[in-house]
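Got a structure for you, written out below as structure tokens; questions coming shortly.
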Amino acid sequence: MSSDNKRMWIRDLQPGTKIEESYVVRSKDVRQRRGGGPYLAATLGDKTGEVAALVWENVEEIGKLLDAGVVVTVKGQVQRYNNRLQVVIRRVAKVPQNQIDETLYVRSSSEDVDILWQRLTTLIEEVQNQHLRQLLFRVISEPEVADLLRVAPAARGMHHAFRTGLLEHTVSMATMGRQLAAHYSLDADLVVAGCVLHDLGKIWELDISSSIEYTDEGRLLGHLTLEVLFVDRLIAEMDAFPDEIRRQLLHILLAHHGRYEYGSPRRPKTPEALLVHMVDLLDSQMAGMLEAINADGDSEAAWSPYSKILDRFIYRRKL
Amino acid sequence: MSSDNKRMWIRDLQPGTKIEESYVVRSKDVRQRRGGGPYLAATLGDKTGEVAALVWENVEEIGKLLDAGVVVTVKGQVQRYNNRLQVVIRRVAKVPQNQIDETLYVRSSSEDVDILWQRLTTLIEEVQNQHLRQLLFRVISEPEVADLLRVAPAARGMHHAFRTGLLEHTVSMATMGRQLAAHYSLDADLVVAGCVLHDLGKIWELDISSSIEYTDEGRLLGHLTLEVLFVDRLIAEMDAFPDEIRRQLLHILLAHHGRYEYGSPRRPKTPEALLVHMVDLLDSQMAGMLEAINADGDSEAAWSPYSKILDRFIYRRKL
Amino acid sequence: MSSDNKRMWIRDLQPGTKIEESYVVRSKDVRQRRGGGPYLAATLGDKTGEVAALVWENVEEIGKLLDAGVVVTVKGQVQRYNNRLQVVIRRVAKVPQNQIDETLYVRSSSEDVDILWQRLTTLIEEVQNQHLRQLLFRVISEPEVADLLRVAPAARGMHHAFRTGLLEHTVSMATMGRQLAAHYSLDADLVVAGCVLHDLGKIWELDISSSIEYTDEGRLLGHLTLEVLFVDRLIAEMDAFPDEIRRQLLHILLAHHGRYEYGSPRRPKTPEALLVHMVDLLDSQMAGMLEAINADGDSEAAWSPYSKILDRFIYRRKL
Amino acid sequence: MSSDNKRMWIRDLQPGTKIEESYVVRSKDVRQRRGGGPYLAATLGDKTGEVAALVWENVEEIGKLLDAGVVVTVKGQVQRYNNRLQVVIRRVAKVPQNQIDETLYVRSSSEDVDILWQRLTTLIEEVQNQHLRQLLFRVISEPEVADLLRVAPAARGMHHAFRTGLLEHTVSMATMGRQLAAHYSLDADLVVAGCVLHDLGKIWELDISSSIEYTDEGRLLGHLTLEVLFVDRLIAEMDAFPDEIRRQLLHILLAHHGRYEYGSPRRPKTPEALLVHMVDLLDSQMAGMLEAINADGDSEAAWSPYSKILDRFIYRRKL
Amino acid sequence: MSSDNKRMWIRDLQPGTKIEESYVVRSKDVRQRRGGGPYLAATLGDKTGEVAALVWENVEEIGKLLDAGVVVTVKGQVQRYNNRLQVVIRRVAKVPQNQIDETLYVRSSSEDVDILWQRLTTLIEEVQNQHLRQLLFRVISEPEVADLLRVAPAARGMHHAFRTGLLEHTVSMATMGRQLAAHYSLDADLVVAGCVLHDLGKIWELDISSSIEYTDEGRLLGHLTLEVLFVDRLIAEMDAFPDEIRRQLLHILLAHHGRYEYGSPRRPKTPEALLVHMVDLLDSQMAGMLEAINADGDSEAAWSPYSKILDRFIYRRKL
Amino acid sequence: MSSDNKRMWIRDLQPGTKIEESYVVRSKDVRQRRGGGPYLAATLGDKTGEVAALVWENVEEIGKLLDAGVVVTVKGQVQRYNNRLQVVIRRVAKVPQNQIDETLYVRSSSEDVDILWQRLTTLIEEVQNQHLRQLLFRVISEPEVADLLRVAPAARGMHHAFRTGLLEHTVSMATMGRQLAAHYSLDADLVVAGCVLHDLGKIWELDISSSIEYTDEGRLLGHLTLEVLFVDRLIAEMDAFPDEIRRQLLHILLAHHGRYEYGSPRRPKTPEALLVHMVDLLDSQMAGMLEAINADGDSEAAWSPYSKILDRFIYRRKL
């Protein structure tokens, strides 16, 4: 396996190149070769993208090594068919678990996780209300949160569906939330606290290893309830946390989807809850739109690929 | 004030009767008399019904005593106008708080609260799973629950909107839930636990004094979240409550409205959750329909008054 | 063709086995072999399940015998590709129509048809109202009904979509309907009659031979109208069937889908109609959920395959 | 009571006029006079409109004679208050049942019923298909149909909600249906038959005496099912009525509301069924709009009163 | 009529006060006095609020002067009935049209119109793109726009439904739009132009004299089309306005309601269109919520009056 | 390339035929041949239909010539596989642009374009109102309109999705509109003008070369706005076009989709606007249904292929 800065990133592959590099297997399919016997069609990935791959020889042997989620070193050659690249695989070797640097293989935020964390900390420091500030620091100091919030995605597929996507989304929202709370003379502390905590439950709802999947807990209880239970437990452990703040804060979390149909058991009934909901809506739709615009490298096409979150194509010609 | 068994219940009033009896004031309105000066239009109630009342003399004086929610002794005469009875009030006296027996004035379940409580206890005793049985007993042993569950209504207006309505609804559901769990070979313990706890949060969501109103907590957090927080806290205090039971139970509570649009943040994903939801739907719609059928005493009309919960009129002719 | 108790049921096939057995052809597709000429991809079925099958040789000849809906004796060998079994067919012979025992090939209720019929008869015997009891017996004594009700499915794909599914669904509903009518002090006879007749029209709406398809009559008129027309004709032939019973019964049939959007031209306006609707909803959703839970043999997966009727995955871990 | 051509029609009343004329009582309300005792507020109507009326003296006596639905001779004077006319009643006498000409009191089609009936007959005569033509003639020859179809309204309140409204709507639709069937080369006979029969059940669904109300049968079964049962019974009595025509015709009736949400248990699946549905939609919406435009006499206002069926105001300025 | 700073503003009225002041008549109703003859019930308003008023004497004479929309000088006395103030009117005189300062009588933005206009001008000056900047200046230089945009409301009733409400809404949106365009690296010029023009058509859609009403043009064409036609005409008159800018700008206007159901014939397909829509949604919902919170002076109630735009009550307790 | 009347139309191809003919390439796909190397799967079309085609030899060379939208001369042989025809291509030559007669290759109205144009002209001549008649003639005299309206389709896929489909739809609607305006005594001139102009914007919204695609302008602005801008510009150039006509006409265009959800920013508020909307709905749904009925040649099947516009299968058995 090559060192990081000499890696053959998937986005850099060229037709004709012979490769020997490690990738994660995103999917594998055994198909029927017409002249008898099976062949394999797989998808290989790293954090820069995905490429199709085919195995014509040693199918049975190689098939045992290729499995969705596994990291393997692949030897083969890149070809172009039907305007798309594909790798014809000749040899495969499993990479020992302790040699795997997971960050190489998963799609990830384009922003630096440490800078994002720093911005989050600053936003919390600026909270004036001591109860809320103290609560937020306790939250991000919980070891499980401190670990998971650095890597968790914000969703499985709609927007920010990549490593550190949740932190990126959280910081973006809290930054805007502060500005807009000032615009409307609202309680900026409540708004920032609501933004920071609104999707926290996703660190338990989603599991990100090689792909993003829901956990059992996530499917049965949902991130909204998971974070409400967690925050309420922390509050119970704090000294004299005012009940009025507790219920307004929990209300913001319960109402942040804005509508019953979107899974919120409450609708926003305070200006701060309305603002957190609107900023969430804005940031998720805008991210979904910008991700569609940047979804493929073809800078000439006026229209993006179909955006599922927005249910439309996006026009990407700039003035 | 007359003793209970000689009370002049509102459903027994006749035109021409002179009365002197205590009632709760459900509403009061000061209106403009055409020849100058105001008069009062009020509604008086007890647990058997409501009647209109008017004050033509001593308006200012009497007006100070009549206030929504207050229990007063009324002296006056019953008249019939426009096919409806009304009381012309001549004198009013406030009843001292310590002499008020609230149960006389609020609409109440037609079932006996002690018998309902006994049936609830029996249903819990029959739960085989020790964790669930123990949890349920702890729940109903909490002093606040033991007090409030005996009086709380199940809703503000749709069905079981009266004193002890929640307990009546809960026992009805748990009884059917046990039968139907057997029909489908499901986990009857989970179903009974789900039925018992599914609306528990309403004891904090609704306030029943003379009328039924939402509490601030109820509006901001909702009964569903209130009971999930409460049950989860009790579970945390128990020894070795299995996590699998916890999450299936909480899931039932979160999913019992069945659909996002109805305020559930999860949809039923286990057969037990589906059954609790369906039994809830059946019991609330059936109660709403039967309440409409019995809503007025006119046994000759083929059709009930309009039922708001069902958005239709009900046919009440029996075979 | 092997005798019944020695049949090679599809659920018992193993890789490597050589088979010679009769199956129904569920689908056939002619595909293009890359090195020239076509090959055949088919699906074979019996009442225990389905398996893929391929024909590489004598394609034209065998292709004439394989047709969707036909029962054939197949000679070939079982292989495993891509974690699934498939049969490579070498020879095929049509089974003469008079030697076909249809019950071997279609998916079927796991309950015994005679026992279900007995339970149905008992439920009808227990109807107290003589008009309704007599009507129900006339219904199930009509030769067409007596024949078709033993085999008809309850749906094409959502729930009870198999031989005798309609009878299983009908008996399940009537059994619960009786219990719940007692719980609410409703007219149990009307409820049982409504349950027995509510989907009767499906015997004409659906055609079950090798697969389940809608009939022209079914598509143009629908089971609801078909049964209303049929029941009304029987009533017209009876002596002095009370008009009040007739219209309440027909109302139950017209309203059993509960909502206009679900194809009911009336919404339930009597407690008995509401109950029949709710029991139908419960039994169809619960059956759909339990069928999803049992949909594949992999007992380890926590989540079922996707359930179309419920639009979700089902959690199938038991306590 | 005055003779017909000298009647004091309500639309001709003027302030100051003394009247002595017969009207139907549309509503009566006993209200509270401030200085003691009740007074009566009523609405009087005839086929030309409605007017408010008040009784200040002899309230009890007159109140016994005034009842919704009753025809009475009224003596009194017309006044203008608040820009509206009202009648101050001084004396009332009941009109003997056998002297009542109902047609004077109910809102009625502006078209002549005999001419409409003649147009209907002509449309049926032009049906080429002998089975359909014969069926339609049998339908309108049934004494009950011949009587009721001349007077029935097409609805309670949305459009054509007046005496003979159903016949007016039916003839309008059949006329357009014939034209449009030719435009699209469809089967004009089926279309005309569908138009003639599509709302026939309303003669049993609605009861028109002094006001339009649903019958019990109408509420429980609905006009759509009532006419399908009726037509199917007539067909069963005919010789050799082709089954293909029967099911296409019944399908048109079942599908004429076009959508499940509008109470149709089938959606249009033939071009003829689609056309009948669309012509029904056009005629009911257009009639609703034109009725709104003509709803009050104020020819200067650019906008109509609010139209309930269209949920909007209508612009009535012509070019 | 008193001078402006000594006016008896409606929000300052006290029971017992004798008044002589000018107000606008918002509504008038002639009602029936029981002892004979009519009386008048009216609503008087100025820019600080509304108050009920009654006329018992000289009804006919005064009735001729009181008409909705007219400004009159009223002489009378303030009373309190049923917890509300009302004015008993004794004399009324019409105020000559040329002495009326309309700004005294209509609800108006709490922000100064000149400052708002200055902020609008500054926002336009900061637009970098010369075509857009020039277009915006031409728009606000059109005499009709310059006049109407200073006074027009943003709606009839939902939010900003008062004098200068449109300008307040426009400046608020453009200010936020600039900030958020920077947050997402979008084209701030397009966003600001979209914000400034998105509701411009309301100056022709709504008519604000004493109350806010739709114009005929507004009802038939709508503000969205009115502004698109207007902007497109101005663009046609400009030199070499780039077509790409034209269509992206018009797209923003057409899409600013975000959804078809909300009356937009296009959905946002560029990031700038999405942002303008989201900022519009935020500003209108937030304004609606804040207006509900401030809707009555009772600062003690935890919950606002019902907010129609949000379909809920708002919690207004601050931390 | 053969001459027109000897062309080998696609609907006339037979298995075994050797062909040498020009077709348009509707799609091309490079696929993987199992024994190594790629092959091509394409779809060829002309105005009579489509056929699959395969290239096994000279794949690279031929692949460069085959591209979606290109017209080529193809040499090869027709085969039947899996009950469908396919062409095995051996040679391909590009047809020079100047030798291409586009009308040979696109699906086209079955009606003659000149006759349709003549009918359109007649309809306009019969318009009595001189302003409207003059406007309509100016519209169809604009060179761009005169060219495009002869070829434009009415949609991409729902109905009339073929060359000259828009003209066919327009003439059909205007013809019915005239008849129905007379039926309801409406302003036939406005109705005809509305029908002629209602979809005119589609000539700029859709681009029809070899396939039908949306233009950028069409996606961003939509046909409804495009035609409103165009018509308003023409009106501005005319002498004294009455404003009342202008706004009623523009209203018809804005409202012709009938509902917000279908993309109309206004709902019909005049009888003429309602009629144009209903006639549009009728003609598009009826055309969609009739196209489904005629969608394949199999005259024996009782049911059509699935109709996307109607979301159902259509019954096509005639009486």
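A few notes on this one:
The letters A, B, C, D, E and F name the chains in turn, as written, and every chain counts its residues from 1.
Note that a residue touches a chain if its C-beta (ideal position, glycine included) is under 8 Å from a C-beta of that chain, and two chains touch if they have at least 3 such contacts.
In this text, all values refer to a predicted model and were calculated from it rather than measured experimentally.
Among the remaining chains, those touching chain A and also chain D are B, C, E, F.
Across the assembly, the mean Cα position most removed from that of chain B is the one of F.
For chain E, the chain whose average C-alpha position is most distant is C. As a whole-number value, the distance joining the C-alpha centres of chain C and chain E reads 62 Å.
Centres computed as Cα averages put chain B at a distance of 43 Å from chain E. Within chain A, the positions touching two or more other chains are listed as 34-35, 216, 219-220, 248, 251, 269, 313, 315, 317.
Each chain pair that touches appears in this list: A-B, A-C, A-E, A-F, B-C, B-D, B-E, C-D, C-F, D-E, D-F, E-F. Contacts from chain C toward chain B in the complex involve residues 129, 172, 175-176, 179-180, 183-184, 187, 189-190, 242, 244-245, 248, 251, 267, 269-271, 274-275, 278, 281-282, 285-286, 289-290, 293, 310, 312-319. Only residues 216-217, 219-222, 224-225, 228-229, 232-233, 236, 247-248, 250-251, 254, 260-266, 269 of chain D touch chain C when the two sit together in their complex. Interface of chain D with chain E (complex): residues 33-35, 39, 54, 81-83, 302-303, 313, 315, 317. Chain contact summary for the complex, chain D toward chain B: residues 29-32, 34-35, 38, 216, 219-220.
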